[in-house]
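Once you scroll down, you'll see the structures, which are given as structure tokens.
Shared chain: subunit A. Partners: subunit B in the first complex, subunit C in the second.
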Partner chain A sequence: MDLTFIFAQFLSGLTYGMVLFLVSAGLSLIFGVMNILNFAHATLWLMGAYFCYTFWNYLHQTLSIALWISIPLAGLVMALIGAFIEIVLIRRIYKRELYEQLLITYALTLILGDLIKIFWGVTDKLIERPEIIQKPVFIFGAPLDSYFIFVNLAGIFVAVALWCFLKFTRYGHIVKAAVYSREMVSALGIPIPKIYTMVFTLGIFIAGFAGGIQAPIGSVTLGMDMSIIIQAFCVVVIGGFGSLIGTFVGSLIVGEVYSFSILYWPDGAMVLIFVITAFILIVRPWGLFGTPTRM
Partner chain B sequence: MRKALCMVLGLFIFFMASKSYSAEEYHLGVALSFTGTGALYSAEQMEGIQLAVDEINAKGGFLGNHKIKLFSVDTQTKPDVAVRVVKDLILRDKVKALIADYSSANAVAIKPIAKEYKVLHIAAMSNSENITKVNYSPYTFQVCPNSYMQAKASAIAIAKMAKEKGWKTYVTIASDYEWGRSTQAEAVKFLKELAPQLKLLKEFWPRLGETQFTSYITSIMALKPDFVYGSLASKDNVAWMEQAKAYGFFDKIPYPGSLISVTELMLEAKTLPRGIIGLTRAPFFAHLNNKMMVDFVNNYKAKYNKYPSDWAVMGYDAVYALKQGIEKAKTIDTEKVKDAMKGMTVELTRGKLKFREIDNQLRCSSYIGVVGDDPKYPFPIYKNIIEVKGEDSERPEKEIIEARKAEK
Partner chain C sequence: MQRRTFIVFFLIVMAVVLPLVVKEFWVHIFSEILIHALFALSFNLIFGYMGQLSFGHAAYYGIGAYTTGLLMVKANLPLFVCLPISMITAGIAATILGYFCVRLRGIYFAILTMAFGQLVYYIIFQWYSFTGGDNGLQGINPPEILMKAQNYYYFVLVVFIIAGYILYRIGESPFGYTLRAIRDNAERTEFIGINVQRYMHMNFIIAGMFAGLAGALWGPFIRSVAPDLCNWHHSGIPVFMTILGGPFYFFGPLVGSIIYTFLMAIVTGYTEYWPLVSGTIIILVVLSLPSGFLGVADNVIKKLFVRGN
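This part shows the complex of A and B:
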């Protein structure tokens, strides 16, 4: 097969991996720091996509950069909603068993799903892309949706920004410390609940931002969250819950495996991802870049 | 005392008499996928059904005195949910007929329940041939061209194009569930018969509800087929079209005969590539020579401030087919209505059409055309429409008999 098309398939996998990373980064961060397995994460991501559509819909007739403003705005609105959810619901279930957290956050998924239906209806929402990202670009002859350049850059930006935050800022150091010993952090006089609210808000901001990025890729529709949440869980299992680099690498693995199996073995695309996930769970339950302390 | 007793007795007799004159309400169930992949089409079909019910109720209801009461439930595009909520409709709400569903997998799951409880079942959107071909139920009727009819109609058009353009190879992309699989299989079979020079390079099966088609798009482009045959519907279809377009896919690879319903024409009015060839099931603009369709479009526009999609047309037709069945039977008794509808010719928005006796499939047309703008509408419509009639695209009765023998 033409090498150009192998490269095109690689680019597809890379882009899909970045989309998955943007969804999974917040999920992994929240679990890593707060030990909360948030099943509603993808629904909050979907809500971000709907908010992006709403902002775009209001702005696009007057502003040529409506889409580029709507994406971060969606993240900000979702951050506020995330903070509200943390204060009202999540902080009450920190000490619950994992299955209880899953049940409660699944209930949240259903509630949010109904709220989306009430506010936005059931009709698909389509964002009309600006002229500049309507045509494909060719990289070494391989076609790529021009918008995906932005998606890939956004994924890299989020990864670098999160890494810098955790590595170089005081809050980042506190968050990292809380992963290993929240008691010790608390003993130093640092208010853990505030840190948790901040982490959850940040996680949901990334989800909302990712939702905004997803919106112009296809149409925004109900049910999108359910199709991506399982893959997001696969990503964090493979990479290791709580590990930023693990989530990044896990996303790329899932994206590339999915992309190339579609080319060579279309029937087995999802099967391969689940086989890898199961294998990791058996031989290295803390994931490729996680640490056994998290288990 | 006696006077009071007489008054009470008089009132009682009056109450009983008046009660006997007010005819029984007709409970009509609607089980559609208001959430999940089918949400988009289901909402539109519900609008068509509601309009038909409102019109009939304004004239007193079925037979002029049986007001229709609608009960709708969400099957969430999931067969297990469909089975549960349809049982609720039958046992709790006592529906006599139900219009169901978006997904063929759901419709196939609902069929035996309708048969068990002797409730009429009209499929007005889900169109897998298996709804009526095998496991026959005399209670199930189909008002939508089935997957066989649609596949044959598009194969006829594609074979013609392949000959004209010298096409040699193709790939298929179809949603990985009952409808996608059966439509794709039929199309491949017909293409083998009608254009034996065509070689199928690969089959792609994205799961139902897929949101990321990028890897499929680049895979197909890598194979460099002469054309692609698609069997994707609803949200999956919209996502596919939008993402493929951003790759310049339609400029390079023809995509003829896939389902592009009026919903997609309206929803993607600005972005849908002009000149692509699509297939659909009940476009209103193909029947504006029929007064019933004209009235329907006007009333629908007045009520919902938009044009009706194929799904709205077929929802509306389903209610009117039932109405005409009841009128023929002269009763709302389900057994008699079912018998009356067998082989019946009905007058619908799509013209005068007959339910085929062997499988209760309406002999309705499939429509193939080129997407193009029309100044009369704020969205593109089909130009140069080829209407493939039901009788030209339906499966021969002999094959249905054989299939039923084989299942035994």
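This part shows the complex of A and C:
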């Protein structure tokens, strides 16, 4: 086993980790601020991928940059849908019990999954990639799908943008404060419902954007959301709910573990990830970078 | 007290008589109701009595189903022997996994049970040579005498009544009341000298065993098992049934199962979009009937009673 091969494996793990990060970032943000575990997050992500396909389908004959427009458009449409869901549904369950919140978002996965089936049918959707990302590139002799460079850049961009948002803007500070103490934030006269709507919309925007990025990787198929939501949960548990850096590190851990264990024990890749997740939950339930105050 | 005895008696008579007069399709639905209800009753030991939400209960159900399936297909053991063995294997799994789960509370409990549930699902899904992977196991035929839908239904009914009675007794025993104390305030329960974790662990094992029994009844009922039985989506079903029926009533999960299974049987006759319908129902129930169907019925009866006086 030579270095090039290991490097290639590392790159594929990195890319997978970035995909996971893009899915989990919004999930972690929403849980950190609103304390709501959104089962439907990956279903919304998948919907973003379908929207990306639809936009591309309309645009690609007239525009050469159709794909690059479709991806952010998918994010924007999903942001609208996210805001709608928050205002109509999630707002009613802030003060409810944990199980009621979980059941509501579980119900959302059922409903949205069927809506996807109704609107887009059961056939797989394939986006033809533009020429620039059709051929692999070689990095130190290791082949890499050229689109994966874009996936990695997009992941890093979202991470940096979120970090800057949390670090330098007024709203970012409010969101960070709300992760620690919602009562204090509302006592300072900040309208919590407005912040919640904003956070949920932002989270779903990232999910939709991530779905758009996912769409050209392979074909878009029904049921993709079911397996990735569990992995996103693992990421968020490992990194710590509500921690951006934790989610980023957690994604890379899961991506790399998956990528390397598939070499030696293909059937056990997912099993290993669950074992790591369970281990973290038992010894450090708040995750690697989380804060224990929420226990 | 007497009213309750009367209701139970009435339910049993209905359960015995109804299948004699309806079509075979509905007999199948009745069996399904009872199996789901047993699954949900076992779930409610953890949820209603102990106050923790398990989102991986399908794992024990699936282990029970696979134990019976494998023993019947590969070892040709009779069904009556498989049922207790299934309870034991599901119990062993619950002993090991529950040991870790009961250290956590609230959302972390829910996520860990879910992660373990998925662990079981992936093991069954990937282990082709043993479990048949995503093909599942086919040809799980019940003994000759139970091949008829009605006979299998009565068999399920007998198992259900016995298991339900045991679960009821557990719920009304000092053990059951200790669980309620843990649910209401785990810290104080610890202070009066009760080993909270041990009680929770024992309860987790019992719940796992009865979920295994329900799973064991499922395989011979539809003649096959599939790994989807353990998936987290399947774990949502007992949660929904229990909340639909009313988590703080012993019969809540049964009522939830009756409503859910009937609705599913009717709706799937018209449309393939059952998830859309059931998701909508879940949202409506959670938003408008938080105490479940029995909670509402209880309130109505109380109001009528007060007005009558």
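Throughout what follows, the second predicted complex is superposed on the first by the 295 of 295 C-alpha atoms of A that agree within 3 Å, B and C clash if a C-alpha of one lies under 4 Å from a C-alpha of the other, contacts with A are read in each partner's own complex, and residues count from 1 in each chain.
By our rule, a contact is a pair of C-beta atoms (placed from the backbone, for glycine too) under 8 Å apart; a residue touches a chain by one contact, two chains touch by 3 or more.
Treat the numbers as computed from the prediction; the structure is a model and nothing was measured.
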Exercise. Kindly classify A:M270 by the partners it touches after superposition: subunit B alone (first), subunit C alone (second), both, or neither?
Key: both
Quiz item: Is A:F5 touching the first partner subunit B, the second partner subunit C, both, or neither of them?
Solution: first
Quiz item: Counting only touches as set out at the top, which of subunit B and subunit C does A:I69 meet: first, second, both, neither?
Solution: neither
Quiz prompt | Residues of subunit A touched, compared between subunit B and subunit C (which is higher) | solution = B
Quiz item: With the two structures laid over each other on chain A, which partner does A:I262 touch: subunit B (first), subunit C (second), both, or neither?
Solution: first
Exercise. Answer with first, second, both or neither: which of subunit B and subunit C does A:I93 touch in the superposed model?
Key: second
Quiz item: Looking at the overlay, what does A:A107 touch: subunit B (first), subunit C (second), both, or neither?
Solution: second
Exercise. Answer with first, second, both or neither: which of subunit B and subunit C does A:G223 touch in the superposed model?
Key: first
Quiz item: Between subunit B (first) and subunit C (second), which does A:L115 come into contact with in this model arrangement: first, second, both, or neither?
Solution: second
Quiz item: Which partner does A:L281 contact after superposing on A: first (subunit B), second (subunit C), both, neither?
Solution: second
Practice problem: Share the list of subunit A residues that count as touching for subunit B in one structure and for subunit C in the other. | Solution: 113, 117, 226, 267, 270
Quiz item: Which bits of subunit C are touching subunit A when the two form their complex?
Solution: 47, 53, 55, 100, 103-108, 110-112, 114-116, 118-119, 122-123, 126-127, 231-233, 236, 239-240, 243, 273, 275-276, 278-280, 282-283, 286-287, 290
Quiz item: Considering the complex alone, what residue numbers of subunit B touch subunit A?
Solution: 34-37, 39-40, 42-43, 77, 202-205, 207, 209-219, 221-222, 235, 238-240, 242-243, 246-248, 267-268, 270-271
Practice problem: Note which residues of subunit A are touching subunit C in the complex, please. | Solution: 37, 89, 92-93, 96, 98-100, 102-104, 106-111, 113-115, 117-118, 226, 230, 233-234, 237, 267-268, 270-271, 274-275, 277-278, 281-282, 285, 295
Quiz item: In their shared complex, at which residues does subunit A touch subunit B?
Solution: 1-2, 5-6, 8-9, 11-13, 15-16, 19, 113, 117, 121-124, 126, 128-129, 133-136, 142-148, 214, 217-219, 221-224, 226-228, 258-259, 262-263, 266-267, 269-270
